[in-house]
Structure formats: structure tokens, C-alpha cells
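Take a look at these structures.
Consider the two complexes below, in which chain A is the common component and chain B and chain C are the respective partners.
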Partner chain A sequence: MKDLFSVVMLLGIYSLLSASFFVAMDAVDVAFTEAAVGAGISTLLMLVVITMTGRSEKTTRHKPMLALLVVVFTGGVLIYGTFDMPYFGLADAPIHNHVSPRYINDSMQEIGIPNIVTSVLASYRAFDTFGEVVVIFTAGIGVLALLSVVRRPEDSDKITAINDSMHERYLVIRIVTKILLPFILLFALYVQFHGDFGPGGGFQAGVIFAAAIILYTMLFGLNTARKVINQSFIQFIAAVGVLLYGCVGLVSLLNGGNFFDYNVLTNDPIVGQHIGILIIELGVGCTVASVMIIIFFNFAGRREMQQHNKKVHSSDLESL
Partner chain B sequence: MISHLPVLQVIVPLMAAPLCLLLRRAQLVWLFALLASSLAFLISILLLQQVMTSGVISYELGGWEAPWGIEYRIDKLNAFLLLIITAISTVVLIAAQTSIEKEIPKEKHTLFYILYLLSLTGMLGIVSTGDAFNVFVFLEISSLSAYALIALGNDRRALWASYQYLIMGTIGATFILIGIGLMYQMTGTLNMEDLSQRLPQVAQTRTVFTAFVFVIVGVCLKLALFPLHLWLPNAYAYAPSIVTVFFAATATKVAIYLLIRFTFTVFGLSFSFTTLPLQGLFLTLGLAGIFVASSAAIYQKNVKHIFAYSSIAQVGYIIVGISTSTVMGLTATLLHLFNHALMKSAIFLALGAVVYRLGTIQLSSFHGLGRQMPLTMAAVTIGGLSLIGVPLTVGFVSKWYLLIALIEKGWWLVAILILLGSLLAVVYVWRIVEAAYFKEPLAGSMPVKEAPMLFLIPIWTLIIANIYFGLDTRLSVQVAQSAAQGLFGVSP
Partner chain C sequence: MIIGLFNDWVVVVLMMIGLYIVIAHGNLIKKLVGLSIFQTSVYIFYISMAKVEGGSAPILAESIKQFSNPLPHVLILTAIVVGIATTALGLALVVRIKEAYGSVEEEDIQHLDNQTQTESPKKVLEGDQA
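And then the complex of A and B:
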């Protein structure tokens, strides 16, 4: 496959399929994340990259025989490894008999929320989730460090001109988007706060929220979007998300518990767990949404500079 | 607060990173990062003291006990590594502000410090945790920030180097994740202590064998074991100088820690060294690494490349130490982790000072530098001597222990090969000394001044440490020895 556009589309389809696969295996939360992140936002980001790099792969004379061998060998070892695996869904498989019974039987008394997945990732293994949030934050900072372009005010006038000329064309999509946007944002908030009871939580909500903003940006131009969401404001939110999450841990330290021990947050341990999970999910949502927006803005910002430079270049040639 | 030290070790730099984004002013952020790193250093000293007197510390995150929640488990090995990482990070940060001033555009300085702190956090997290999946999460933090930091280098080739590292590193991390997943499937637990107890029951299955292979290959990619080292030289050579210092001294050490942790604690010594021909494999690859990388180092024109290849060779010595699978050999390995961190950080920091003054790091531009930057060049020379293993330096101590371990084992030939490998180090170090002291400056080159104070202080702190720990080996040997004994004690 040499056409990168179709590669990206296929990747998106693959993600969506694996999401349905996860649903079939009763991992609804994972499926939700996969659909939102894999099929949704990462496809979008890759498409932005394609607009910058061009649609077709460069042909190389490099012969990937060795790579093929390594891949086949690795695949072979993986298949070899499956021979002694317990069958899928087997009741006495080790994963069902060691750690998980406690999650299933006791999490309702210990944490008091019906969605066990949320209990595990936000309380039993809250530190892993904290780590994941920091990973996302790191990604955002990395993109900022490598891709951010310094914008001069005189440039932005010219860039607006490019944007305006583009917009006249997509009238229908723009109107439909305007109608849809509040619902998407509302849905993001629903997912954010409903994570205790059904699939959802900060990661998915953040991504959906960011998707709404990105949709808006694509149709109304980066500059309009920048007026709504200021660059330094969004960075501030990304940092605040991580800090919010971490501070829950610090508060439990100060209240005499271990890090992320939500039981000590209030007098009633169950209420403490509820509050702890609510706040950390909010932190997750903030960081995820703002990092996605940061990544998109910086990708798109580069694309804009490229367009702009091209235009300036061609007008220079004309004047000659 | 004393009982919370294990988690504070990681949380302090972690929370400092987003705070830096709020501070914004580069100067302020530098001081703040330095403060956070020094605090982490202080905590690691306290932790080491605590571990040496009262044994293993276990800390339950979230108050959930071990296999259900995540456990931080600090034994002598972890505490030793934590000390190395935080000490180097703090010393290096002193010089950071001056160094990046010339190498990174001004508006990116704040982001640089944030990434630096995140990278530090990742490494500390990997070392502190007693949970296999938690290792992966923090591995991601440290790797992602590492890719970005390397790509910040002002040479355009830095981007390509970082991209290569990204691909290799991601493959490594994925392999480790696959391994952890398979282990979880066979045992139902992610806690390392718990894994080590439950794995032997299922040890004879093909799934566990596959898990072991994937973890080992993944970790070896990360630690740049020959022949999986190809990403390393360029990544080190084109990264900003400060990043090179920090990673050369710590990043591979963390990967080696993981290797030791997985082979000795999680899978257990008897499993690790019997299912796979690990002993022979490590010995061959380690020796091959020493010779191939040292010979490659001799032919490099870029001085950073020379020492990057030398780092791969040093990994070879460390792996040979592990392959002996004796307490003595492991002691030598752990000692070399500590000592190599000291010498490489001193050398690369001195090279950073050269870049600061000259803007280039080609061997030809070193001509006559011995007279123009005497203190910096003296540091490179002493560091180089330590690398060779000359008595009175730390390099001698760890090579000595390694030789004793090999002779104890009766591997005379290997011992001789190790000595021959050191001779190769003499050659590449000599090329730099020759250029700096015995060649006239190139015609038309500008005279240069000695490096600024903010460089010289950390460089010479490290050099003095190189000599001090070469003479007074009580601290390092005692800790390394008891850590090695601990590892053999845990695994029957």
C-alpha cells in the first residue's frame, strides 16, 4: 500500500474493528477508549500529518528481507507461546482466581461504585492511571517542544486571509457542525461523570471533548479556534490536570494515609473514595482534552505556516 | 513523613514538572528543577540509609495491600540505583542552564526542564516500583521524554537519531509489555514479589518461556546490548550535551537494573539461567560488544561518538559480570553501574563545556585545547583514565572486581579478553589526549577561553568523586556487595 491516505483509513477501520472485538470480549471500557482514541482522534492527527507530508509514500530501494525475517520469527515465538495458554474464558484460569475475585466481590463494599473497571483503575491501581496521565502530559510537552512555531502578529493577518477563503466552500458542514457541537460537548461531560456507573471516565471524555474542539477548528480555522482557546490557557489546563490528580494523593498523605488512599479524605471511607475518584477523573479529563488540543493545534499550526510560506513564496515570484 | 519517602522519591520530580509549566520563566524553572532534583537526591540518601540499617521497605500505594494494589518496594539494589540517578541528575542540572543557552532556542528552555524532570521521574519510577505493569507505565514516561529531549539537539541529524531511538525503544517497550501480559495471564498477578512466588509453578510452560524471551529481548534493546545497540551512538552524539550526560550516566543503568530485576527476582536465578542458555549468550554478546564497540570507537571523528561507542563497550563489561551468575560477578556489575555513571557523566559534561566554547565536537577541533581549556581537558583525561581502569580511579575498582569474579569462576580466557578490551580503551582515549595536548591548534582557529564556572564546578565534583571512590571503596563496595547478596538470597 503506497497511498498513505488509505493506510490511515485502514488503520481507523482496524481500530474500530478491534473496538467491536473488545465489546465482544466484554471489555466495554477498553472498547470505548479504543474507539475514541484509536479510531477517532489518532486517525484525525495522522490525516493532519498527511496534509503536510503528501499522500504517497516515497519509494526506497531498501530491501526489507532481514526485517521480514525478524517479524516472522517474532510472530512464530508469539504463536509458540499461545500453546500453553489457558483457554479464553476458562473458569479456573489463573487470572480469574488470584487477584480479581477480590475486585469482583469486595469492591462494592470497599469503594462503593458499581463499575468495577473504574474501581480498579481509579482506586486499586490509581498510581498506574496517574502514570498514564503523566505519559499523556509528556506527549503534549514533547509536541510543544518540537513542533511549536513562534507566530508573529503580522503573519496571523495573512493566515486569516487563507482561512477565510477556505470557509466559503463548506457551508452545509459548518452549519451541521454548529448544531452538533453542544451535543458532543454535553456527551463528553456525561461520559466524564458517568464513569462510576458505566463505561467511561476521564480518558474517553477528554478525547471526545477534544474531538469537538478539533472539529470546530477544522471548519472555522485555527485563528478563530485560538480566539476561543488560548494557547497558554490550554497549557495551563494540561498542567492543572496532572496537579489536580497528584494533589489528591498529597492530601491523603497529609491526612495520615498512604499516597492515593482515598479512605482518609473524609470521615466516611466510601464518601472519600467517591470524592477521590471524582477529582482524579476530572484531572484525567482536563489533561487528556488539553493535550489532544495542544497536539492538534501544533500540527495544524505547522501546516498553516507551510501554506503561508508557499503563498508568500509564489507571490514573491510573481512580483519578479 | 519518613515512612512516605519511597513515594515522595518519585512524586517530588513528578509534581515539579507541571509546576514548571506554570512558572514559565526559564531562570526560575531552572532553579526550581534543581531544587526538586536535590530534594530527590536527599530522599535517596535517606532511603539508602534506611534500607542499609533496617532492610527492605515496602510501601502500599492507595493503602491497598500488595497483589491488589501497587507496591513500592525498596531494597538495597533499588536504593543504590536511586542514589546514582538522583545524584547525577542534580550535578548535571547545575550546568544545564549554561549549556542549553547555546544549544536550544530560548523559548524552549522551560519545556526542556519539564521534559528533563519527567525523564527523571520515569527512571525513578521504574526503579522504585515493585509492580511489573507500573514499570511499563514509567518506562513510557521516561522514553517519551527521552525522544523529545534528544530531538531538541540543534543538529538536524538529532531528529533522525531520535526517530531511530523512538522506533527501537517502542519495540523494546512493546516486547516488555507483551512479556508482562503473558506473565499476568499465567499467574494472575502483576506484583513482582508475588510473581516470583507463583511463576515457578507454571515455569515449564511455553507461555512463560515466551514471556521470558520477550522481556529479556525488550530490556536488552533498551540497554543497547550488542547487537541491539544501533540506536545509541547517534542518539548520544546529536542530543543536546546536557541530555547526553544525563542519559549516558543513567538511562542504560535503569535498563540494566530492569534486566537484573527480571532475571534474578521475578523469574528467579535457576529459571533464568537454565531455560535459556543465558550465561553463554550474555558472555558472548558482552565480549562481542566490548570488542566491536571499542574498535568502532577508535575510528570515530566525532568525540561524542567515541564515548557513545565506549558506553556500548561498558555495557558489555556489565553484562559479562551478570553472566558469571555469582555474587562476586554481580557485585562487579553493580559497582560498574555506579562507577560508569561517574566517569561518563564527568567526560560528557566536559565535552558539553567544549561544545559551549567551540560549538563543535569534532576531534580535529580539539587540537591544542589542552593549553586553552586546561581544566576541562584535564577532566576528560582523568575520566578517560578511569574508563581504561587505571589504579586510583573508580574504573580500576570495578574492573578489579570483575577480574576476580572471572578468575574465581575459572574463566581465565575471558579475563584475558577483558584486559585486551581495556587496551582498546587506551587507544581511543589516547587519540583525544594526543589531539588536545600534542597537536598545534589549527591555523586560523580562534583562541578559546576556559569553560565557565557553572561547568567547572559540576565537572570537577564528578572528577573528584571518580578519584575519591577509587581510593575509598568502602561505601560503594559495601552497598554493591550487600545488594548482590540480597539478590542471591531472595532467589533460591
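And then the complex of A and C:
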């Protein structure tokens, strides 16, 4: 398929299908994340990039026989490898014998929240999750370093003029979005703070929150969105999220426990766990939401600058 | 019952489709799409391993005794969000490559690179110093 637009759309559908597969496999938290990330944000990012890099793929001359051979060979070896795997759905497979019985049997006494995924994510494996948050933060910085553009005020006036003409057309979508937006944001907050009891948590809430902001940006233009959410403020929030997470670890260290040992946060270990998980999820949510918004803003900002340059260039040619 | 390994085979097939796209296509965006298919196959591998027959979602409740394994869920949950962040970084690189070379096709980029190397190695060096 040479049309990249349809490729990206198919990828979005594929992500949505795999999200429903995850629901069927009982992984509700994962399905939540995949639906918001795969079908929502990643499709949008790819579409923005396609508008910058061109929509169609060039036809290549060489025959991909060698690639096919490599792939078939690797696939064959992997299939051979699967013969040692335990069968699907067996309760006594090796994966279920180690560590996870403790999570399932003891997490209610030790952590005190019903959603085991959240207690593993934010308490048993908090150090791991901290690493992931730092990776997301670093990726945000990387995108910022690669794509951020210095904006001059006189440019932004012209860009606004382009945008106004573009965004006036979709009246129905804009009104419906305006009605839906508060509910999406409220739902994100619900997912954030209800993550202890049902599927949800910082990662999902952050992504949903960012998706709402991105929807707003797409329909009302980057400049309007920048007026609502300041770029430097959102960068500040991304850093605050990581710091908040790390500080919980430091506080528990200072209180005489291990790094990310929430039992020592208060006198009652269970209350300590609750507070620790709540703060950590808040940190995760802040970082994820703001990094996603930063990424989208920078892609969209780059695109606007390119369009603007093109326009200036063509008007120069005309005046000559 | 050999059909019990069906989930692994689906994963292998998806993984190889992703790998094939990464190897055989020159377009950088398509390569990234291939990478994300590969990524999703790994997610499916982990999640299908965590499934227990007759188990329920790992949220504790009175009436439920059998749960799926929560640990792979946690790993994949974070991996998805990290995956989108790294994909965004890759896309950012693609945008910069497009700006620098005027193309996102591997062949064109290599062609341009070879041209600058063979035609004016001195110029490139001077440019680097400047």
C-alpha cells in the first residue's frame, strides 16, 4: 500500500482491535492504555508527521526476496521455540508460580487496595515505574530538542490569520467538542483518582487528559491552545511530576525505610501505602499528560512554521 | 493438544510482519509503523501469557478466586506509554531528516550522502569545522 494515510488509519484500527483483545485477556488496565494511546495519540502524531513529509511512498526497484528469506527463517526458528512453551491458559504455567501468587494473595493485607495491577505498579515495583517515567520525560526533552522552534511575535500574527480561515469551517465538530471537553477532562480525573479501585491510574489518566487537550488544539488552532496552556508552564509540570515521584522515595528514605517503602510515611502502614500510591500516581499523571502535550505542540508548531515559510517563500516569488 | 500454542504462533506471525516491514520498506514512516506492529506483538505475547483459564481481571473481589497474572499487565501498561514516547522521538527524527534531505526514503538519503562524500569531501570537512 503506497498511500501512507491509509496505512496510518489501518494502524489505528489495529490498535483498537488489540485493545479489545486485551479486554478479552482480562487485562483491562492495558486495554485502557492501548485504546487511548494506540488508537488516539499515536495515530494523530503519525498523521501530523505525514502532512509534513508527504503522503505517498516511493516505489522501490529492488526485490525484497532476501528480506522475505530472513523473515521466514526467523519466524521458523521462533515457531520451533514455541514448542517448549506452556499451553495457553494453564493455571500451573511457570509464569504463574513465581512472585504473582504473593501479589494476588497478600496484596490486600500489605497494600490494602483492590486493583492488584495498581499495587504492583505503584508499590511493589515502584522503582521500575520510576524508571519508566524518567524515560518518558527524557523522550519529551528529546522531542523538544529536535523540534522546538523559536517563535517571533510578528510571525504568530500571520500564522493566526492562516489558522482562522482553516478552523472556521468545522462548526458542528467545534460545538460538539466544546460540550464534550469538560466531560473528557473530568473522566481523566476520575481515572486518575479511582485507579486504586478499578482499572485506571496515572498513565491512563495522563494520556486521556492529553488527548482532550490535543483534540482542542486540533480544532481551535495551536495559538488558541497556547493561550490556554502555556508551553513553559507545561514543561514545568512535566518536571514537577518526576520530582514529585522521586520525592516520595526520598521521604520514605528519610523516614527510615527503603526507597519507595510507603509503610513508613505514616504510623499506619496501610494509610502510608494509600498516600504513597496516590502521590505517585499524581506524579505519573502530570508527567505523562504534559509530555504528550509537549510532543504534540512541538510537532504542530513545526508544521505551522513550515507552512508559514512556504507561504512566505511563494509570496516572495510572486513579488519578484 | 497442539492448538494450545496458537497464541504464540499469532504473535510470531505479527512479529515477522513487523520485521518484514522494517527491513523491506525504504520509507521511514513505514519503518516506524512496522516497529509499532512488532511492539504490539510483544504486548500480545505478554498479555496472552498472563491469561489463566477461568480467571478474571486482577481486581480483588469477594466472589472471585481465580485471577489472571497481574505482573505482565503492569509491565505492558508502562511499556505502551513508553512506546508512544519513543515513537514520537522517532517521528521527530523523521521530521528533521525530511527537513535536512528533502525526503524520507532510505534510498534517496543514502544517495545524497554518497554524493556529498564522493564529490566534495573537503567541503564537508570545512563545513564541519565552520
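As a convention for this text, the second predicted complex is superposed on the first by the 317 of 320 C-alpha atoms of A that agree within 3 Å, B and C clash if a C-alpha of one lies under 4 Å from a C-alpha of the other, contacts with A are read in each partner's own complex, and residues count from 1 in each chain.
Note that contacts are C-beta pairs under 8 Å (C-beta built on N, C-alpha and C of every residue); 3 or more make two chains touch, one makes a residue touch a chain.
For clarity, every value in this text was computed on a predicted model and none was experimentally measured.
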First, second, both or neither for A:Gly75, with chain B first and chain C second: second
Which superposed partner A:Ala139 touches (first chain B, second chain C, both, neither): both
Partner chain(s) touched by A:Ile179 [first = chain B, second = chain C, both, neither]: neither
Touched partner set for A:Leu243, first chain B, second chain C, both or neither: first
Which partner reaches more residues of chain A (counting touched residues only), chain B or chain C: C
First (chain B), second (chain C), both or neither touched by A:Leu171: neither
Which of chain B and chain C A:Ser123 touches, first, second, both or neither: first
Partner chain(s) touched by A:Tyr262 [first = chain B, second = chain C, both, neither]: first
First (chain B), second (chain C), both or neither touched by A:Ile295: second
Contacts of A:Leu90 with chain B and chain C, given as first, second, both or neither: second
Overlapping contact positions on chain A, where the chain C interface meets the chain B interface: 78, 82-83, 85, 93, 95-96, 99-100, 103, 125, 128, 132, 135, 139, 142, 146
In the complex with chain C, residue positions of chain A that touch it: 4, 7-8, 11, 14-15, 18, 21-22, 25-30, 33-34, 37-38, 41-42, 45-46, 49-50, 52-54, 57-58, 60, 64, 67-68, 70-72, 74-75, 78-79, 82-83, 85, 87-91, 93, 95-96, 99-100, 103-104, 107-108, 114-117, 120-121, 125, 128-129, 132, 135-136, 139-140, 142-143, 146-147, 197-199, 201, 203, 206-207, 288, 291-292, 295, 298-299, 302, 306
Of chain B, residues touching chain A in the complex: 4, 7, 11, 14-15, 17-19, 21-22, 59-64, 67-70, 107-108, 111-112, 114-115, 118, 121, 125, 131, 133-134, 137-138, 140-141, 144-145, 147-148, 151-152, 178, 182, 184-190, 198, 202, 205-211, 213-214
Residues of chain C touching chain A in the complex: 1, 4-9, 12-13, 15-16, 19-20, 23-30, 32-33, 36-37, 40, 43-44, 47-61, 66-74, 76-89, 91-96, 98-99, 104-105, 107-108
Chain B-facing residues of chain A, complex: 77-78, 80-86, 93-100, 102-103, 123-128, 131-132, 134-135, 137-139, 141-142, 144-146, 150, 235-236, 238-240, 242-243, 246, 249-250, 253, 257-264
